[in-house]
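Across the two complexes that follow, chain A remains constant while its partner is chain B and subsequently chain C.
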Partner chain A sequence: MRFVITVTVEIITADGRVIVGTFKGFDQTTNVILSSCHERVFSETEGVETLPLGLYIIRGDNIVLIGEIDLERDASVDLSEIRAAPITDISRR
Partner chain B sequence: MLFYSFFKTLIGQQVTVELKNDLAITGILTSVDQFLNIKLDEIRAVDEAKYPHMMAVKNCFIRGSVVRYVQLPASAVDTALLQDAARREAQQPTTGGAH
Partner chain C sequence: MVELKNGETFNGHLVNCDNWMNLTLREVIQTSPEGDRFWRLPECYIRGNTIKYLRVPDEIIEMVKDDAVRQRQQAPVSNSRGRGGRSGKL
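== the complex of A and B ==
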């Protein structure tokens, strides 16, 4: 029987993007595979926009943070009500 | 390897990690590895109003290369012991990571 991982994670990338998807695998350099993922685009003037992306491999160099999402808590948050500036690019000061 | 060992002694402590993108996260240190990648539990952004991006995240992995500072509880650190260990490691260049 194949082992199936069904953890939903949020990845913050070096350029400040927030990508949410199902965690499928990783290696020692923190390269990560996410399936059925989407990007959450934060804005100060309107609610969070969700962009479908599909299957992604994210190179470890570009990863800042990987967070495990609590699905219950995530479902209770109304993304269209959230106003926030995007996370800054890691190289820009 | 000194700081790897040092961080391992801090597992279970509440720390604040400031990242190079100015995001600061507080949580319980649960794990650290040779790259000083950090795992935190029960996390929250220090400025939650500015960073609602991780509201539904309860624990996280932070890549060591993006960490700017780790703020530690002073009570958890024996600075005299750390200084002594640093001096001892400096005297044994073969055990250092430089090549």
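== the complex of A and C ==
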């Protein structure tokens, strides 16, 4: 049986990036396929910048967190008002 | 486009890959982690475990669906999803 997964997820990577996209697939090593993804770049002085990325295959090694996004609640957040420090890169220590 | 864990990126045509995500690319443009230096390589081989992520053209996901349909028509019993085993060209 095949079923279609249509959830929007947020992935935080070891280098501190926050990537939001539609979950398309995964495998046993947590490699993840996301379509129509965009990156959210946080800053303490400006609002959140959203960069369109497209279709991504993210290697499991590099994934720290995967979380489902509640689209309604996400839409109610005004990203341009959010000030937050970027997440630290933990991949090169 | 392939970005490695060290931040280097490789832009090129995927010609082969295996179950470990090792890749062979052709007509490659390599970019330094700082993004200020570039090299052109006719071909390169990338070890899978050095990869951070792959950026692929949007059309590919549609091709995968078509492929799956075709495979099911050819062999309705098998349900092998494989792992990263897309051997086609990007």
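Criterion: the second predicted complex is superposed on the first by the 87 of 93 C-alpha atoms of A that agree within 3 Å, B and C clash if a C-alpha of one lies under 4 Å from a C-alpha of the other, contacts with A are read in each partner's own complex, and residues count from 1 in each chain.
Basically, a residue touches a chain if its C-beta (ideal position, glycine included) is under 8 Å from a C-beta of that chain, and two chains touch if they have at least 3 such contacts.
As the structure is a prediction and not an experimental result, all values here were calculated from the model.
Student: Answer with clash or fit: chain B and chain C placed together on chain A by superposition.
Tutor: fit
Student: Comparing chain B against chain C, which has contacts with more of the residues in chain A?
Tutor: B
Student: Classify the contacts of A:V7 with the two partner chains as first (chain B alone), second (chain C alone), both, or neither.
Tutor: It touches nothing on chain B or chain C.
Student: Of the partners chain B and chain C, which touch A:I87 in the superposed model: first, second, both, neither?
Tutor: A:I87 contacts chain B only, not chain C.
Student: Once the structures are superposed on A, label A:D27 by its partner contacts, choosing first (chain B), second (chain C), both or neither.
Tutor: In the superposition, A:D27 contacts chain C only.
Student: With the two complexes overlaid on chain A, check the angle at chain A between chain B and chain C, Cα centres, nearest 10°.
Tutor: Taking the centre of chain A as apex, the angle works out to 100 degrees.
Student: For A:L55 in the superposed arrangement: first (chain B), second (chain C), both or neither?
Tutor: second
Student: Quick check on the superposed model: minimum Cα to Cα separation from chain B to chain C, whole Å please.
Tutor: 15
Student: Which chain A residues are contacted by chain C in one complex and by chain B in the other?
Tutor: Shared contact residues on chain A: 61.
Student: List the residues on chain B that touch chain A in their complex, please.
Tutor: Within the complex, chain B touches chain A at residues 19-23, 25, 37, 43, 50-63, 65-66.
Student: Could you pull out which chain C residues touch chain A in their complex?
Tutor: That would be residues 5-6, 21, 48-49, 51-58, 60-61, 68, 83-84 of chain C.
Student: So in the complex, the part of chain A that touches chain C is made up of which residues?
Tutor: Residue positions touching the partner: 2, 13, 15, 24, 27-29, 31, 33, 35-36, 53-59, 61-62, 91-92.
Student: Chain B touches which residues of chain A in the complex?
Tutor: 10, 12, 14, 16, 18, 30, 40, 42, 60-61, 63-71, 73-74, 77, 82, 84-85, 87-90
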